Amino acid sequence: MKKIAVITSGGDAPGMNACVRAIVITAWQHDIQVIGFRHGFRGIVDDLNQPLHPDDMRLVSQRGGTFLKSSRYPEFREVESAQRAAAVLDKHQIDALIVIGGDGSFQGAHHLAKYWSGQVIGVPGTIDNDLAGTDTTIGFATAVDTAMEAIDRVRETAEAMARVFLIEVMGRHAGFIGLHAAIASSAESMLLPELEPQPKIAEIADNILRARASFPDSSYVVVVSENLWPGGVAELAKSLSKATGVTCHPCPLGHIQRGGRPNAQDRILAMQLGHAGVLALLDGKSEIMIGKEQEHVVEVPLALTFKRDKPLDPRLVDLQLGLQGVNFTSKKGAETA
Amino acid sequence: MKKIAVITSGGDAPGMNACVRAIVITAWQHDIQVIGFRHGFRGIVDDLNQPLHPDDMRLVSQRGGTFLKSSRYPEFREVESAQRAAAVLDKHQIDALIVIGGDGSFQGAHHLAKYWSGQVIGVPGTIDNDLAGTDTTIGFATAVDTAMEAIDRVRETAEAMARVFLIEVMGRHAGFIGLHAAIASSAESMLLPELEPQPKIAEIADNILRARASFPDSSYVVVVSENLWPGGVAELAKSLSKATGVTCHPCPLGHIQRGGRPNAQDRILAMQLGHAGVLALLDGKSEIMIGKEQEHVVEVPLALTFKRDKPLDPRLVDLQLGLQGVNFTSKKGAETA
Amino acid sequence: MKKIAVITSGGDAPGMNACVRAIVITAWQHDIQVIGFRHGFRGIVDDLNQPLHPDDMRLVSQRGGTFLKSSRYPEFREVESAQRAAAVLDKHQIDALIVIGGDGSFQGAHHLAKYWSGQVIGVPGTIDNDLAGTDTTIGFATAVDTAMEAIDRVRETAEAMARVFLIEVMGRHAGFIGLHAAIASSAESMLLPELEPQPKIAEIADNILRARASFPDSSYVVVVSENLWPGGVAELAKSLSKATGVTCHPCPLGHIQRGGRPNAQDRILAMQLGHAGVLALLDGKSEIMIGKEQEHVVEVPLALTFKRDKPLDPRLVDLQLGLQGVNFTSKKGAETA
Amino acid sequence: MKKIAVITSGGDAPGMNACVRAIVITAWQHDIQVIGFRHGFRGIVDDLNQPLHPDDMRLVSQRGGTFLKSSRYPEFREVESAQRAAAVLDKHQIDALIVIGGDGSFQGAHHLAKYWSGQVIGVPGTIDNDLAGTDTTIGFATAVDTAMEAIDRVRETAEAMARVFLIEVMGRHAGFIGLHAAIASSAESMLLPELEPQPKIAEIADNILRARASFPDSSYVVVVSENLWPGGVAELAKSLSKATGVTCHPCPLGHIQRGGRPNAQDRILAMQLGHAGVLALLDGKSEIMIGKEQEHVVEVPLALTFKRDKPLDPRLVDLQLGLQGVNFTSKKGAETA
């Protein structure tokens, strides 16, 4: 193995830079050269290549985003795109490709592997944590911290004004950020896609009213996953305001959740997985994802990562549902009980 | 003077707690007792009183929000509300009231003064900085830092994906947060209510297209004040996406801008003004606001603070317009020029 | 079981408050009352008790430090202290005690159990992570983030001035914070107590000089565990400055590493373990620690937690040693090779 | 004027990058080219030049440190160094030089002006704020925020353990950071070089003991300027521990105070002054510093900035001394009084 390529693909995630650093350093230590393509699969197709040397990796881990740049590139589903990418990779005499990304990016990698003879390895880099085969993904821990800190801020206003806030967090179609942010921010309630059946407006409204009765002078925070409620938290707020008679304030956190310097957990995870990815290539592996399960680095068939659904940790769901529950018992009520 | 009251009123602002601390300590040093009313004017009317002692002020300055709680309370425009508030204040033998708040709160204070014989002093506490008679207000500097840090985060995604972002910041009907955040975040463009005439869609679109032509692989950030564009940045994004053919992403920062620990500037300002407020009361002053102009603590007739419009600093406007301009000149263009 | 007690003991750690919150809420849900004693074991002996109710737990998880206060209390090794503590606990009709703390606190709990008939459970709360039987401890993740962010700051000065910095991090007698902070901050070198034999001055100096030869215009950061080098980084800096002829700057991070709001990981861990602690008590368990291994909550005999040594994760040690190594190869050298 | 040079010199300060950005953009808008020399005056002497183009300035303002790098370079006091620097500047046909730095850097600029015919302008960039002729300097506001946040962290441990902490902050030989950080962190005491006569150990000890008597369960924080107490806070802690019988913990904050992303205030100030610096050059000015007084940009003879002493704001000193004082009155005492 003489030369490998690396891309960051899909939504950017904090820690992607640390992953590239570990890949480049580890590769060079095994006398393998590394080329990056900017903007993910689009950059392979358009040959936006950039040689990557350990010297340039000294201080990239500290930075958010991805210096290799990324893109969403649905066109890559086409056969022709994969064939062009394969041709570009061959032109550069690339022996293997490491794709740092999520669900869609791994489908792209899987697709490419049908038309290219080199080894293809995935490293999970997405804030959404919606990839089976790994307990966590690069960027998830930082995104949860960012969402939590934002909710902490909103909580201060909510508490000062004794308000109800509906805070929308990211997660595509999964509730990982929602669940973790709800626990970490001591949310009074959470609405996640995995919690079936979804509660009805009347039920949520009832919980709010009971909490307001016990704590009339306090805040009430509902963490809501994006893509869950039709019309988002803006519509949900209207319905709940009507149902409760209490103004419910919508607060979508938006794109701030993606940015920011990676926290230590994400930097370390990213370097571990990037390092292991190069070793797996040297070992001849292909069409796998390097993940982490139960504190161990694992190799998982690439196709399984996006074909299986990844469930929320039921112990964490139960924990939050339990901690939420007590809030409806006022001190007074508890004492007379 | 034996007893004074203090309230925090309107939207909460970081630094309000430090202001209350300085008021309480300074008053006690002059053998004056202090009572707080929770939730602003509503708390006076409903007699939600709470004695405030220096011992309880030891570590409140570090916290965001307002431990005295606040509220928006439009009912206070009525004569009856002011009369009831006056009665409550008299019942507690209050000699003077300090109102920490913004525009609407000072109108409330002015209104109250017609029906109550005690002294009334305002201290400017609002993130919006839209009060005449003071260069800055408690909470403004922190809100600008918060907006800037949020834009810094969004910038990382924008840069990774080479995207156009329209970032909506707070400010009620004034562009102070917008202007300062735009400079501090090196925004490519800003839309503020004070910049007349407002640019047309075609003009903004043209600027975006020229920038994309020079820097096709880079981000473009427009800072937009709230309440400026009909439908907000969501509608603006639609119009601009259509006009440019480039997807423009809306990103309202929302309520996170209000929360968070106050920065040093706001804590120091808050203590200075709170301290000066008590001294002004001792001096017999009433119906004034304690402000800060050109680094000096000043006293301004209360009515002037909300009757006059406060302009943006034209030097800062020119600075940003100048710094924005150059971004349309590509390096290549400059070299051939 | 009708009433339990909880203390936070030893050095405070971010997340202790979230743990107390989960304990109090879970206990009340099982109709168990909770009493806290302030300042750890000293507070039991001196009966500094404080009833804890779920209503007061609403917003404690967000705060750093421990609202229950803590202390180091070596006097508790004496038989008489344990007997007095037992008497106080009996006086309050306490059925069980949960101790949130580290090494020394668990020895105290073990000691108390000899003289008191109630159940005793430990929850690992220490930034040092030096407890066997659990992969991580409450506060460790936040402390690593804090150390990393501080090193990131120092790195900027180091890079601007092309300086060598020796940064001392906490860890008592273990290298966990040092190892994780070194990886996360892309340190050029690390000195940890577990890495035997310790390198000699000449060896460290040689590495510095080789790095300076390759990157004369760059920074060089050594992460050093406290209690490792006689005289600390101040003395090490003198020796290395002499050996290299390059000024080496000492930078002990000190007490800032202990404070700060807990990150999401520590809040969630703290709530999981506190919740599980109450369930274990209901299950009749005693003299165990509730830990987390390989993502599962586990119960470990209390005595084992402080009698066994806990090793660093050798995979992380190898990762960092590997990533450090490459930095001595300059780009030029690599190209000619 | 066709070509100007810019350096950052002395200790790095957050905001220096934003200043360079404004200089480069403003110069290009007037068809002036800009060259940077890395590492300050040393970089001129050694001709470490680097052309600076607006395109490269897009996203430098967000970063801490100085991408132009800096150095302390006492050798520049020699005539020969200044002559060599003049020769290098002439070789590059530089018409004017902008020096971003502090006290020592402006002495260097003044020295250079004797041996070089070009215009020389200083922009105040130092965290210490110890330059006469300007109310504040680039980097000062961020350094105060950083020190305050660090003290906030230490406060949490101090409060949990009811400890006395002596926190040493930067400032070279001036108390600006100390004063502002003491107010902002609600410190119980401060020791600054400007407060004459310095209090004796017995006096400080007495204050500590009185506070401990009133608040036995609370923290006590003394903010101490560096270079003030012989042996620093380590020695002071020993003396005070002996004098009070209470362990006093030393906590030097060290180099973390210099790093970090600039806050909004520093970024805006930096751009204002950099922009004004170029305009002053176009106006033919030389041997001046661009400062800010009472919210106005001002021009001050360069020599005055380091020949005069700059006093602390006496109103802020009085404010903090006043707010400190009350802490010795316990609630109980006040009630019986």
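As written, the chains take the letters A, B, C and D, and residue 1 is the first residue of each chain.
The rule we apply is simple: a contact is a pair of C-beta atoms (placed from the backbone, for glycine too) under 8 Å apart; a residue touches a chain by one contact, two chains touch by 3 or more.
A quick map from chain label to UniProt name: A, B, C, D = 6-phosphofructokinase.
Predicted, not measured: the structure shown is a model, and the values here were computed from it.
Student: What are the chains that chain B and chain C both touch?
Tutor: Chains in contact with chain B as well as chain C: A, D.
Student: Counting C-beta pairs in contact, does A-C beat C-D or the other way around?
Tutor: Taking the two pairs in turn, the one with more contacts turns out to be A-C.
Student: So the centre of each chain is just the mean of its C-alpha atoms; given that, what is the distance between chain A and chain D in Å?
Tutor: Distance between chain centres: 40 Å.
Student: If you average the CA atoms of chain C and of chain D, how far apart do the two points sit, in angstrom?
Tutor: About 33 Å, centre to centre.
Student: On a C-alpha centroid basis, what's the spacing between chain A and chain C, in Å?
Tutor: Here chain A and chain C have centroids separated by 27 Å.
Student: Multi-chain contacts only, two chains or more: what residues does chain A have there?
Tutor: Residues 152, 155, 159 of chain A each touch two or more of the other chains.
Student: Name the touching chain pairs, please: which are they?
Tutor: Touching chain pairs, listed by label, come out as A-B, A-C, B-D, C-D.
Student: Help me check something: in the complex, which residues belonging to chain D touch chain B?
Tutor: Touching chain B: residues 18, 21-22, 25-26, 28-29, 53-55, 58-59, 61-62, 135, 141, 144-145, 148-149, 152, 155, 159, 180-181, 183-186, 215, 218, 261, 263-265, 267-268, 271-272, 275, 293-297, 315-316, 319, 322-323, 325-327, 329-331, 334 of chain D.
Student: Using the touch definition up top, name the residues of chain B that touch chain A in the complex.
Tutor: Residue positions touching the partner: 8, 11-12, 38-39, 63-66, 69-72, 146, 150, 152-157, 159-162, 165, 217, 249, 251-256, 258-260.
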